[in-house]
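Dropping the structures in below, format is structure tokens.
Note that chain A is present in both complexes that follow, paired respectively with chain B and with chain C.
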Partner chain A sequence: MIEVRLFATLRKDRGKVMQLPASEFSDGVSILEHFAIPREEVAIFLINGFHSKPEDPVKDGDILAIFPPVGGG
Partner chain B sequence: MAKSYYEKIARINLTTGEIKIEKLDLDLARKFIGGRGLGTKILYDEGVATVDPLSPENKLIYITGPMTGTASPSSGRYMVVTKSPLTGMIACSNSGGIWGAKLKYAGWDALIVEGEAPDWTYINIVDDKIELLDARKYFGMMSEQIDEELKAVHGPKSSVLNIGPAGENKVLMAAIMNDKDRAAGRSGVGAVMGSKKLKAIVVTATRTNIEDIIHDVPALKAANAECLKIIRENSVTGQGLKTYGTAVLVNIVNNIGAFPTNNWQGSYYTKGDDISGETLADTYLVKNSACHRCPIACGRVVNVNGKVVGGPEYEPLWAYGGNCGNNDLNTIDEANMLCNELGLDAISVPCTIAAAMELYQRGYIKEEECDGVPLEWGSTKALIEWTKRIGQPDSPLAWLMSSGSARLCEHYGHPEISMSVKKQEMPAYDARAVQGIGITYATSNRGGCHVRGYMISPEVLGLPQQLDRTVTDEKAFWAKTFQDLTAVIDSMGNCLFTSFALGAPQYAALLNAATGTNYTPDELLVVGDRIYNIERMFNKAAGMKPEDDRLPKRLYEEPITNGPSEGQISKIKLTLPQYYEARGWVDAFPTDETLKKLGLDECVGK
Partner chain C sequence: MTNLLHSSGCGGDGSKDLLRYSRNFSTITEEEFETLQNARVFVAGCGGLGGNLIMHLLRIGIGHVTAIDGDSFEPTNLNRQLLCTVDTLSHPKAETAEEYAAKVNPDVDFTAIRTLLDETNADVLIAGHDLVLDALDNIGSRRILAAACDRAGIPLIYGGICGWSAQVSVLPPGTAAARINQIYIPGTAISNKSCLSFTPAFCASIQTAEAVKLLLGKPSELNGNLLFADLLESEWELIPFFND
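What follows is the complex of A and B.
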């Protein structure tokens, strides 16, 4: 399974943490499509805690964390 | 001639009651801009570096920048510059709200407060009139109540700055509060105010803008409009910070495994979402709030047990949360409120409690020392009670904790447990997981601090471009550039958060229009470099040693034990020499050649 964590405004109507079958997704782009998240709404895309691109491959056991543009402090 | 200054400084001696009006040296203002830069230069020139920070010989400078009170974005800032009793080095604490703008509207660039009042006193400023008034009846009151009572006396148009009980008690982590919930929070500036028996400064101004001293009003309007457009169109400053505040960082930083837990023994908090900006928005958030002329409006207003008050930033969410093993958001809101009421630094105080919890965990602090409130990880009772006790110390352990984690841990023979730099507690980003922020922590002139070169912006948020947080390449150069630009912004009187959207060209346009200078963006960064170096020379005169530019041993000897960044360690020993080279420093201090190059000839040979 692939764990997908959504944050901030991306959670609206989608949820916080979802498990997806790894066999159905080859990369982050396919996961964004699954959740109907427009590419331009994604500012930080983490795979297992490291900054990645949606084009990067995903595999069973990965944890994805996806953030819209947010801010710092 | 430089504009956007009223060219007036009030020198107020609390010992004698004498108030002198001095003319601002415009050449100095041009060279150091104002605020942080000019305040430090004045303090350096007046020989304050060698004095006891809590003695009458220390000076407390409240200073605006040339942009303070203009219509430029987020321009309500003022700075408190003094010698820190926490670090023994330079302190410059920066605050928003509207007090700073009102001081400027009243016609003052700065106040220099000296000496020690015979009894509790407050300063009342109405335009060009300054008087010293009896503050004894406000002694012991919480900061918010003082604000309300003084406003009742001086009218709704007044703005109040004050210290709460922590400042009265000379707690080394005491803050100066203004406009109820805004704080010049760090480095114990509130203790210096308390040592002078100065309870508050009230400002009322007839002016509502400073257009009478702007060099080129149409040019400033044009520069403002351009900056506002950039800020509004930027997704971080236009929407992100407004919606979630800085609290949105909890989940980001936790998900990269840079969120220290239990006093930096771990760096990933499994319950992080419980204390996140998203959860805050779904639960206790009432609305957002904004400082003077701020289009970003990152402030949080929360409901704490039925009371509507200023809410926590990211730092206290982390410090009272994961760093103390606590996932109860209401407790964090309440503890943050207590910090505002008592007048305490909401970073250093919870970090000191976290250090005490580790001392307790390891058996160095005994249960019998805890007066019925054991320092157990995640104890909500301990977080609330020990915050109160630090603000109003009433036991040997409370007094020890009120002096910060470095002195506390030193007392118990375990200085390595204090997660501090130059005796000031580090904020909420693990420098083992984010290499560049470690450089700014280690080399910050005011000790452990994230807002002296916010490397989280490129290394985590990808602004202005994404850097790999795990590598050291070019990080020294980036850290220096961020430090220099930050020094400029802090000296201008704009909020650092504007820099998520704006860069040196926009700041140069604002400053040139307001003051009549002709700085290029590169020249402005040289001014920032000069300011960074005068701070460093202040620290050198104050007795700083090269070994003070260091991170706690845990960060370079103990790899992260959990989460996505497990196994990572700070490479500060590699990056520090690179940083010194980029600065033109040898063994932590500028060479004479560097000082001359920056126009700091008066520091040569010192």
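What follows is the complex of A and C.
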């Protein structure tokens, strides 16, 4: 399984922590598509705590943390 | 060293000037206060974050503050920007900041510059400062500011807000541009400009605390980590920068 943790506004209508079958997802992009998260709404994309990008591969046991942009001032 | 609160040179008006800082002491030492009085801090932006940052820097007694902003106040700023009132609508933000500084603490050497930060002026604007505080409102300008801080060897205290959320991190020289690129990976865009008044106040408070700690040489968990605070969920995530 792949654990996906969403933060702040990304949780709306999606949830906080979800488990996905690893066999159905090859990279972060496919997971974003699963949750219908637009690419521009992803600012921080962590795989097992490491700063990554959605194009990076994912595998069974990975934990993803996805944060939206917090860029106002 | 001189006892700032009780020295013979503090009679009359001088006593009044130092009394304004009396509640700072014991939390910080007189020696630390002198360090803050000699500090030169740059604030990039006089909006939601910037107004609160300026307020804190003035009241703490940072000796020299430069603040920039090229915009003027508009009605949409009233919900969260400290320096925006019905009286300052349509006034330049930088000019308003200068007027505010004179009212809050005229002892601070406060300089306001009415300009927007860009690639042509960033190096000149931040030169000579000990510390830069990010109060910008867009990703592009943040990348420019971070790169300029790296070139100048000046630490940057990053802050960003949106809705109920705030982010803060202390970015040492040489790491700022790379870490901003991790906070906003390529392709990220800001579409949500909604923000409640307590979010910039919260974020600016943490940024100022980090500024004081940095100026006084105190360690910080936010040096090397990004704080992601969600005020709606009362969640505080510390995200490390493992792979600069």
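Just so we're on the same page, the second predicted complex is superposed on the first by the 70 of 73 C-alpha atoms of A that agree within 3 Å, B and C clash if a C-alpha of one lies under 4 Å from a C-alpha of the other, contacts with A are read in each partner's own complex, and residues count from 1 in each chain.
One rule holds in what follows: contacts are C-beta pairs under 8 Å (C-beta built on N, C-alpha and C of every residue); 3 or more make two chains touch, one makes a residue touch a chain.
None of the values given here were measured: they were computed from a predicted structure.
Contacts of A:R39 after superposition: chain C is touched, whereas chain B is not reached.
By the touch criterion defined above, A:F25 lies against neither chain B nor chain C after alignment on the C-alpha atoms of chain A. In the superposed model, A:F7 makes contact with both chain B and chain C. In the overlay built on the shared chain, the residue A:F50 is in contact with chain B and with chain C.
Once chain A of one complex is fitted onto chain A of the other, the partner contacts of A:P68 extend to both chain B and chain C.
Residues common to the contacts of chain A with chain B and with chain C across the two structures: 7-9, 43-44, 46, 49-51, 65, 67-73. Of all residues in chain B, only 234-237, 239-241, 243-249, 251-252, 255-257, 273, 277-278, 298, 313-315, 454, 456-457, 460-463, 466, 468-470, 497, 500, 563-565 touch chain A in the complex they form. Note for the complex: chain A touches chain B at residues 5, 7-9, 11, 16, 43-44, 46, 48-51, 65, 67-73. For chain C in complex with chain A, the residues that touch the partner chain are 45, 47-50, 134-139, 142, 159-167, 182-193, 195, 200, 226, 228, 230, 232, 235, 237, 239-243.
Considering their complex, residues 7-9, 39-46, 49-51, 53, 65, 67-73 of chain A touch chain C.
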